[in-house]
Structure formats: structure tokens, C-alpha cells
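There are two complexes below, and they share chain A, which is joined by chain B in the first and by chain C in the second.
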Partner chain A sequence: MPRAPIRWRTVTVSEVVEETPQARTIVLDVPEWPGHEAGQHVDVRLTAEDGYQAQRSYSIASAPEDPELALTIERLEDGEVSPYLAGEVRAGDEFEIRGPVGGHFTWRVRDGGPLLLIAGGSGLVPLMAMLRHRAALGSDVEAHLLLSARSLEDVFYREELAGLQHVAMHYTLTRSRPEGWTGYDRRVDVEMLAEVGPPPSEDPLAFVCGPTAFVEQVADGLVALGHAAERIHTERFGPTGG
Partner chain B sequence: MPITRGFRGRRAEVDPSRVPPGQYVVRDFPVLSAGPTPHTPLDEWSFTISGAVDEPVSWTWEELLALPTETITVDIHCVTKWSKLDTSWKGVSVDTLLDGVETEGDYVTAWADGDYTTNLPLEDLTDGRAWIAHTYADEPLEPEHGGPARLLVPHLYFWKSAKWVRGLELTLEDQPGFWEAAGYHNYGDPWKEQRYWSD
Partner chain C sequence: MTEPALWLDGNALAGLLEETFGAEMTAMLRRCQSCGERHPVGAHRLYRGAGDVLRCPNCGDLALRIAVLPDRHVVEVRGTWRLAVPRD
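== the complex of A and B ==
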């Protein structure tokens, strides 16, 4: 991996896309972006008029191959930075980012598979970067996505996910479901993991991202099923944060 | 630095001298780990000091608990930007564990269940600056926070405080650990905001 210095860059918002009532994708014009790997994140720094600054980390949603850098940010009710990014920001606004950061929760097509992606809520963001990377390269690495969300309205990138080729999609909706729903309707458990994922004998490469309790439950479940711990990559975020 | 239009921020009501640059104070205790939480049974657990020492030494769980316990109240700072003030721990001082150990090494690789390592200068682990902590807020340390025991080095970013720690390997040369090899800073002083390798 090239080691470009991780320095602050002023970026300009080029587009804002509503994903759900709680989340938006912010597309950024970044001067001299050094490139990234799917799964990495950036640090964002906002500066108020009086010089006060706040920093948070956000996963990159776009593939390395995409022309522009995109972040998807979910509004946390008691957050400081996310209500601004998911509510106030508009095209033309400027702030600072630095990165990319993170060298463990990353996937490149040459890392192979089968790929087992398991997301809780906005934990989908870095996994989407992996799926976009896979699609951009026309990879035929076997891929499975298990996505847990409160309701269908809370699912990011719904249309794009539906259009992805040769990805085994599994949804579980934990709070409310549309009429005639045929997917799962409960929190992810060991039985569900056994049904959706490649068995341990196929040695899938698993990436699990979501709230702490979700990731603990899923990673413990994968280990209980016999998956090797070193094949399970996790990224957790707590109820606090942005 | 550019002003971010419309951003006001929300200044926390804490003593700013206790919050390193770029950090914000949380009340809960977030979790960050790279893989599944290991669950090593206590009867299989041991703690070892090895490497560039005259003789390796190790303790069982019972033996560790029998060592003098210190109570530590400290502020902790995670490189992912949260800080938590006045956290309360109990554990064994690394000074106690190193008592009587002869070493030529100036560096330490702390290693842990889950194939995790982190590197520190030996001097950052001595003189009352580091502990093997087994109790948090008067309760046994929970597995997701590093239980049964984790290294506690509160003056450095918290990834240096290896969860599920099982040993210290003394080394003659400084050897980058898990996050240090993945682009994070080799030393990690939060007051100098040493987050990434180029900071």
C-alpha cells in the first residue's frame, strides 16, 4: 500500500444524496486524493466561525475506482458532527478530511473469497465500498450480504443493491416489515448465519460492521459455527460517536 | 483552515485541559477491536514476560490476582477520537511484574489473544505508568473491553492498552505491532495528536 502522508485537505461538497430519512451520502471533491481501499475510513474536521473544531471518523462508501469520494452519514440524535453532515451540509460547502485510514478492515478483489458481508444498519457503508469495488472490476468472487435493518425504509442504497449482479442478498428487518415480506424478521442469530453464509469448510472471508452489540453477537456466532477467528474482520461503532 | 458554513458545534462542559486535541468526551464506553472477542478460560490463562530477559517468568490467573492490586483512576483517549474521563480500574502494576526481571531490552511487544500485538518503549510501562487491569468500575473486566485482563497505559492512545493481554515480550529493537504496522503512529501520544504514522 502506498504510504502517502495522512494530511488534512480542504474538500468541497459536490453533491448531497438523501439515502433514508436519517442518512445522506455526501459526494466530495478532494484535491489530490491519494486513493483508498474498500473498507477504509476518513477523519472529518469541521471548524466553527469562532475556531472551535470537532473531528469524527466516517467510512468511505465509494469504491476505489469511483471518480469521486463519497461518505454516507447517519444522523445520531445526540451527535455533534453527524446532525450537521446528515442535515445541514449542502453542495459548495467546505470542510477538511484526512485519510484514508485503516489497513485491516479492507478488501481487494485479489484477496479472494468467498466474501461474507454482514452489516447492522449503517454498518453497510464500508461493505458497500467492497461490493462497489467488486462490481467495478467485474469480479466473480462469490459474495454474500446479510443486512440487518429496522425497516426497509432504513436500508441505504436499496436500488443499487437490487441491481448488483451475482451477490446473494439476505435481509432481516427487525422492527417493521412490508406486507408480504419473505425475508428474515429477527435479530441475526447463529441459525440465520448458518443458513445464509458459506459453511466454514469453504473458509469464507467475513467482514462484520455495525453497532457493538450486533458485531459481538455476529462474530461470536461465526466462531461458534466453526469459522476461523482470523478470517473474521470486525468494525464496531458504539452508540456515541458522531 | 476553512470555516465550515453553518457548523456551530456543541462544546462539552468539561475541563478543556483534560481533553487532548481532536478528542471529544463520552459517557459510555465504546468498543473497538479488529476481530471476534476471544474467550480464553481462566484455568488456561497465563501471563508471561519473555524475550530479552535472563529468564522468562509467568503467572497463572490465581497467581496474578494474588499480587498486590492497585486502584487506578485515569482519563483514557481512543485514537477514534473519544475520551472517557475518570475511569476506575484495579490491576497489577507492571513494575510489580518486572520486579527482579533482568533485561537488556528497551522495547516491549505486548501480545494478546486474538493475534493482537502493540509495541511500546519499556520506559512507558514502568514507574507507575502501566498496569495489567482485571477490574473496571468494581466489576470483573468484561470480555468486549478486554477481559479477563488488559494492559492499561492511559498516557498513550488506548490501542496501546492491549485487550486480552497475555504477555510482554522484551525486545532489543522496536517492532511495530498490529495497528502500528497498519498506518497508525508508532508511539501514540494523544497530547501531540500522534494518530497516524505521519503525525
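== the complex of A and C ==
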């Protein structure tokens, strides 16, 4: 298939869904979307009336099989782009995106497993695209998800996660827990990684996404447990993402 | 941790690299001129400032520097890049 040069295209917001008090999913109407793989992202460009432009990258939340493209964006109070995308944006608004881009942090069902997905906060977004892709194809690839969040209210896609079939789910809530909480209640450490993940002998394919310090901690922990570095794919959001 | 971790992954540069080189670059392997290790471009460390700088994830030596100017991109590459560009 001939490959079109990467270009900016104007998209229209078709729906905005509140995920948490801090995050929204934006469903986009994209003319001639070329399709994507789970784990890829898009670059978003906003242009102000005076011509000033700001650009950020956001992971795609929807599966390749979904009819529409969706991004989930967390609002960072001092950000330049996210306060608009996670706050003010309305159905019918337009902005520019380009992509999909990225060929390293991607997973297709044929890549196999066992799949070990580890997310810090909004790092869940590209991993959710992988789980949605797996579900859409009815795949039985073994899958494990470890999600670290401040509180249960900060967890995106809660109901959908609860309904996913044959995914081993583990949550750790680092700041506040509901009464009777039986999951983890601390930052991810080596002991937790050993408990939730398949052992190195099963050679799991790991995808780790979250703030830079979180990803460092998890990737170092996986290597310390004996997982092969080339089986660990990472995506760092940085201290902020804007 | 003594200082905040400031880098991202080379992955985050996928759009700009594709714009510059005309192909998806982040899944490609690069061999470091300094330590000799091979890593996917997307697994390199990315430091963003006035320009973008990619560094070897093993030894930290320079892999790529790119500056976006009003009328052009200025790129400096180091090490051995194995490019596979799809043909139409």
C-alpha cells in the first residue's frame, strides 16, 4: 500500500465523555483516517486566533477496530493544551491532528504474549487500546494489567475494565482507598511486580506507560526480576505533558 | 530519587521524525557509535528543550539532534541507523 506523507488534518469533535474529574475522552470525526495500531499516538496542534500554535502528543484510546478515533486526556493545571482538551472542548469544535505515529510502543494480537500491561495514572490510555483490540478480536492471549492510581475515582474506564474477559486485573491505590479495599495500597515495587506478572521464564511482553519516574521504577524492577530488556516497551509522559 | 526524571522516550518524537525522514523511524534499530549497543529509536532517551535531543539508552551518548526552524529542520545524526523505507 502506498504510504501517504504525514500531514496535519482538521478533525471535528463528535462527543466528549467525562472519565474522571480530571480527564475526558474526546471522540473525533476524522476524514480519511488511515487506521492505527494499538499503542500509537497522534500529535495534536492547536492554533490561537493570533496564530500562536501549541503542539502535544496524545495516546489513542480506541481500538483499531472501533468505528471512531478516541483520545483520553488528563488536565494538567499548568498545561498549555490539556486545559482546553480536557476542559473547554465541545462537540463540533475543530482542531488539527497528525498521525497515527509511533511503531515501537504497539501491540497486535499476532505479537502474542503473555501480555503484561503496567500503567501509572493516565498511562492506562494506550494500554486500554491494546485491551480493546484484544477484546475486539476475541483473542485469548494471556493478559495481566497492573494499574496504579491515586484513588479509585482517578481510574479511567472503570466499568469497562470490570467487564473485560480473562484479564488478570490488579489495582494499587497510592493516596486514598475505599473502605474494605483489598487491592494494593502502595507504589509499585519489585515485590508487587513479582506477584502480578508472569515470571521471566514465561517471557512476557511488557508495556509500561506513565510519568517518567513511575516508568523508571517499573522498568528497573522488571529487569531486576530477570525480564529481558528488549521485551519491555516503555512510554514516558514526562513530569508533565502539558 | 535525587532529581526529577526529565526525559521521555524516542517514541514521543515519532511525528517529527516521520515528517523529517518521510518514514516511520521509531521501530528502527540504531547502533551506538560509543557503546556499540543496538536499540530501537523509540527506546532512546528524548530530551526536549529549544531543540530535541535523542541519546543512547545505555550510555547516554548523542544519537540525534533536531532543531525546528521557521523554514527548515536542521538534523544531526550519530551512530548507525538501519532504515527500512517502504516503497510505493
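Heads up, the rule we're going with is that the second predicted complex is superposed on the first by the 238 of 242 C-alpha atoms of A that agree within 3 Å, B and C clash if a C-alpha of one lies under 4 Å from a C-alpha of the other, contacts with A are read in each partner's own complex, and residues count from 1 in each chain.
The definition used in the following text is that contacts are C-beta pairs under 8 Å (C-beta built on N, C-alpha and C of every residue); 3 or more make two chains touch, one makes a residue touch a chain.
Just so it is clear, the model here is predicted, and its values are computed rather than measured.
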After lining both complexes up on chain A, report clash or fit for chain B versus chain C.
clash
So, does A:R236 touch the first partner chain B, the second partner chain C, both, or neither?
both
In the overlaid three-chain picture, which partner chain does A:E80 touch, first (chain B) or second (chain C), both, or neither?
first
A:S14 in the overlay: touching chain B, chain C, both, or neither? Say first, second, both or neither.
neither
Applying the touch criterion given at the start, work out whether A:T174 contacts chain B, chain C, both or neither, answering first, second, both or neither.
neither
Dominant contact partner of chain A by residue count, chain C or chain B:
B
Could you say whether A:E94 touches chain B, chain C, both of them, or neither, answering first, second, both or neither?
first
With both complexes overlaid on chain A, does A:S139 touch chain B (first), chain C (second), both or neither?
neither
Have a look at where A:H104 lands relative to chain B and chain C in the superposition and call it first, second, both or neither.
both
Where chain B runs into chain C (options 58-66, 94-102 or 112-120)
112-120
Please write out, lowest number first, the residues of chain A touched by both chain B and chain C across the two complexes.
3, 5-6, 43, 57, 98, 101-105, 212, 216, 233-234, 236-239
Sites on chain C touched by chain A in the complex
1, 4-12, 14-15, 18-19, 22-27, 40-43, 86, 88
Within the complex, chain A is touched by chain B residues 1-11, 22, 24, 26-38, 80-82, 114-115, 144, 178-179, 181-183, 195-199
The chain A residues in contact with chain C across the complex are 2-3, 5-6, 41-43, 57, 98-99, 101-105, 212-213, 216, 233-239
Okay, in this complex, where on chain A does chain B touch?
1, 3, 5-8, 10, 43, 45-49, 52-57, 80, 84, 88-89, 93-96, 98, 101-105, 212, 216, 219-220, 222-223, 229-230, 232-234, 236-241
